[in-house]
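Each structure below is given as structure tokens.
You will see chain A twice below: alongside chain B first, and alongside chain C after that.
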Partner chain A sequence: MLNISTKTPTGGFSFENTRRNAVLEANLSEKGYSAPNARKTGTTIAGLIFKDGVILGADTRATDDMVVADKNCMKIHYISLSETFFTLPGVAADADVTTQMMSSNVELHSLSTGRPPLVAMVTRQLKQMLFRYQGHIGSSLIVGGVDVNGPQLYSIYPHGSYDKLPFLTMGSGAASAISVFEDRYKPNMELEEAKQLVRDAITAGIFCDLGSGSNVDLCVITDKTVDYLRGYDQPVQKGMRGGTYRYKPGTTAVLTKTVTPLPLDVVDESVQVMDTE
Partner chain B sequence: MNTRGLRSQLKDSVPVTGLCPQAGPYGVQDSLRRGFSSVKNELLPSHPLELSEKNFQLNQDKMNFNTLRNIQGLHAPLKLQMEYRAARQIQRLPFLPSSNLALDTLRGTDDTIGFEDILNDPVLSEVMGDPHIMTEYKLGVL
Partner chain C sequence: MMMSAQAYGDKGKMKEYHYTGPVEHKFSPYAFNGGTVLAVAGEDFALVASDTRLSEGYSIHSRDSPKCYKLTDTTVIGCSGFHGDCLTLTKIIEARLKMYKHSNNKNMTSGAIAAMLSTILYGRRFFPYYVYNIIGGLDEEGRGAVYSFDPVGSYQRDTYKAGGSASAMLQPLLDNQIGFKNMENVEQVPLSLEKAVQLVKDVFISAAERDVYTGDALKICIITKEGVREEIVPLRKD
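Right after this comes the complex of A and B.
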């Protein structure tokens, strides 16, 4: 179909449907229905700087209002070989697209400058993009990594503000996790002690917050290695049933029984081989 | 380069032709796609980001040129704008999508990926402008 306009088309967001959506939502709410919500990932995420690098930890539950949408989702995403970042509470789709775009941008930038990427560079690009969209992209993140300036940890909020701190938590379970950190954090901890601390902080979030649950994922980043420990701890196992809850055959008395045979003829038989490779 | 300051230079004004003219492809008001027409619809933005996104590139360039002028003197933005103007003229026919490679290189967007590259890529657009109308508009005989 030809478009009789003289403007050259540009890319990016198109706001053509916003009016139509507003009218639709108004009509729906008159009848008592509501439009579907975007899926969020209420969460507990924590990061801390230890002696040799950065440890990031996350829970693995994605919620859809009051229902658990995913029991084991991955919230820690790779940006580049020396850094990783988490995506957090906020709309899951926004988080995914943001991480993918940032990952590409970091790679392009480091190819263009010829140097390994800096954590500060990722943070700056993220916060500029989030500020440009004034918080409508609902993803807050923690960026952690080790570069030539040492281990660094930044947190970025959906409107574009950021913090640089030695330990951080975000998400709906942030209050529970930060209390554990505030109590036991010391600068320059050893690896095992730091892993235990992050695990405890995330577990506090899992137990004390409804939006977080399932397992604890950890990611240990040093200047030489990135160790992604998926399912590091599973504090919440599915409970085992105490007894059997099946009825014995013969529990229900049979009063009457009617048998109606259905005569069927085989008309056609075809065999489809399944590809079981 | 995202520079702060110089807020007074930003303009979020709506041009006189309006935001979303109710006319559809054939010049008649298009109720199915745009809803009932009203003066408010044409003048006010439907989404808070609509205006700022429409003018984003212009505002960025304006801020950057102003900063450059303050730092390096008038010649710097003049020279750059001359180069932009030259690069902007390297286009294919008006109704075909141009790569704008020289313009992208000057702007520095050839090694970044943003939403304008992922979403609504004009290369993958399903509708095309009418060749005759667009060429006539470009040549000024419309």
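Right after this comes the complex of A and C.
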């Protein structure tokens, strides 16, 4: 006999706990404690428009409460075949889901219109989605690309506002990066000079902001090509350890050992090599 | 309709929307300035090491602010936590050392400094010094000694101790490499000075990888019967 659930699943966020959280927060503050805060995650991302297109840059550190969770994560995400890329600080899960959703929507939209996608269209879809979630999706992003209207750069904030500017920075290291841009940005820069400037801005964030670190990733987008330069620069070297910390076999104590033979026949064999780098 | 927790007030009822006027924000007398300290005691030596980064929030105040302070020829203290309290506390300790020297005509021993620090810290039990202290030095017999404290003065003598922001990352590694914990069939040789210094450098290199507050440089104070020697090693600056 089938058990059919009488409650239709509601999508989106569940706000059932907001009342309970409000009471809890009041009780906690009476005793002098505070509820855990949502944390602005560390990152430095930057974008600028140069003579032939757009360059996006990002650092590669992912933090989890002031501990480095990933030393080399990818923050520049690809949206559409021809030109538009994303860079994303904020909550990592939000970033992944937003990227996948955008990628599909852009493809569907451009199939529907019969035209290559516009950067403004990606921006509008993103900002409408973020506004719908009233800031609960904690992603702020930079969208950059080249379309029929030329190179364009937009920044979008979690509540859904956006800016269209020739150069932008976001994340906890934004202040460090924007200072470099404000000093040296010129319109219509050449490719190499522009790459160097973005690299320097991200490097400023890497050194001066605790939430950013490790390497510089760049993405150069022109009307003809997209160049994803992962690990374009490594301004910080990992320290070399002097001692050896290998354990000889037998170092870990074996307390008990139980052997259970499983009577199985080998039907099929396949080998998958592990990436032990 | 989207509802957020801000819509509800104290008792779980909906807040009435009106302007409440100027709001008083609570002032916190403390700040967290990061930093990690470590002390190791050997047969006839002691090491006190700290990183040199001073941070606040997501910013760096200084890349050259060591947290080890030399007290006597046989004792060094490492202080991390709130930098304002670290400075005041070390000034108070140095003054008390002078007073002792003038009254008793001898320098304070490591054990005596530790006991004194405990009373100084407990004196502020109800408005503590936000400092994690670790004293490293030689005892009266010339053997290495480490004394670790909590912010209100509880202390004990250890062989090795890590304190500060990356302490939870360093302490288990030291438990394994110096205390030989969780290892079988290993020759438990006493730690030599060279091995201890190399171990301290390696653990800080690892801590700097994962703790954002630890980095820039490492300062190691090596205390032997010859006196206090310093070694500085660069760490990651990001």
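Following the convention adopted for this analysis, the second predicted complex is superposed on the first by the 196 of 277 C-alpha atoms of A that agree within 3 Å, B and C clash if a C-alpha of one lies under 4 Å from a C-alpha of the other, contacts with A are read in each partner's own complex, and residues count from 1 in each chain.
What we mean here is this: a residue touches a chain if its C-beta (ideal position, glycine included) is under 8 Å from a C-beta of that chain, and two chains touch if they have at least 3 such contacts.
The structure presented is a predicted model; accordingly, all values stated were derived computationally and were not measured.
J.: For A:S104, is the partner it touches chain B (first), chain C (second), both, or none of the two (neither)?
T.: first
J.: Taking the superposition as given, does A:G239 touch the first partner, chain B, the second, chain C, both, or neither?
T.: It touches chain C, and chain B stays clear.
J.: Of the two partners chain B and chain C, indicate the one touching more residues belonging to chain A.
T.: In the superposed model, C touches more residues of chain A.
J.: Is A:D268 contacted by the first partner chain B, the second partner chain C, both or neither?
T.: In the superposition, A:D268 contacts neither chain B nor chain C.
J.: For A:E192, select first, second, both or neither according to whether it touches chain B, chain C, the two together, or no partner.
T.: neither
J.: Examine A:I206 and indicate which partner it touches, taking first as chain B and second as chain C; both and neither are also allowed.
T.: second
J.: Once chain A of both complexes is superposed, is A:R19 in touch with chain B (first), chain C (second), both, or neither?
T.: Once the two structures are laid over each other on A, A:R19 reaches both partners.
J.: Report for A:M129: first if it touches chain B alone, second if chain C alone, otherwise both or neither.
T.: first
J.: Looking at A:V67 after the superposition, I want to know if it touches chain B, chain C, both of them or none. Which is it: first, second, both, neither?
T.: second
J.: Now for A:S112: first (chain B), second (chain C), both, or neither, which partner does it touch?
T.: first
J.: If you lay the two complexes on top of each other, which residues of chain A touch chain B in one and chain C in the other?
T.: In the superposed arrangement, which is not itself an observed complex, chain A uses residues 15, 18-20, 22-23, 133-134, 136 for both chain B and chain C.
J.: With touch defined as at the start, can you tell me which chain A residues reach chain B in the complex?
T.: 1-6, 8-16, 18-20, 22-23, 97, 101, 104-105, 108-109, 111-112, 128-129, 132-134, 136
J.: Hey, which residues of chain B end up touching chain A in the complex?
T.: Answer in residue numbers: 2, 20, 25-27, 33-35, 41, 45-50, 52-53, 56, 94, 97, 111-122, 125, 127-130, 133-134, 137, 142.
J.: Can you name the residues of chain C that touch chain A in the complex?
T.: 2-5, 7-12, 55, 57-60, 165, 177, 182-186, 195, 198-199, 201-202, 205-206, 208-213, 234-238
J.: Would you tell me which residues of chain A are touching chain C in their complex?
T.: These residues of chain A touch chain C: 15, 18-23, 25-26, 42, 61, 63, 66-68, 71, 133-134, 136, 172-173, 206-214, 235-243, 245, 247-248, 250-253.
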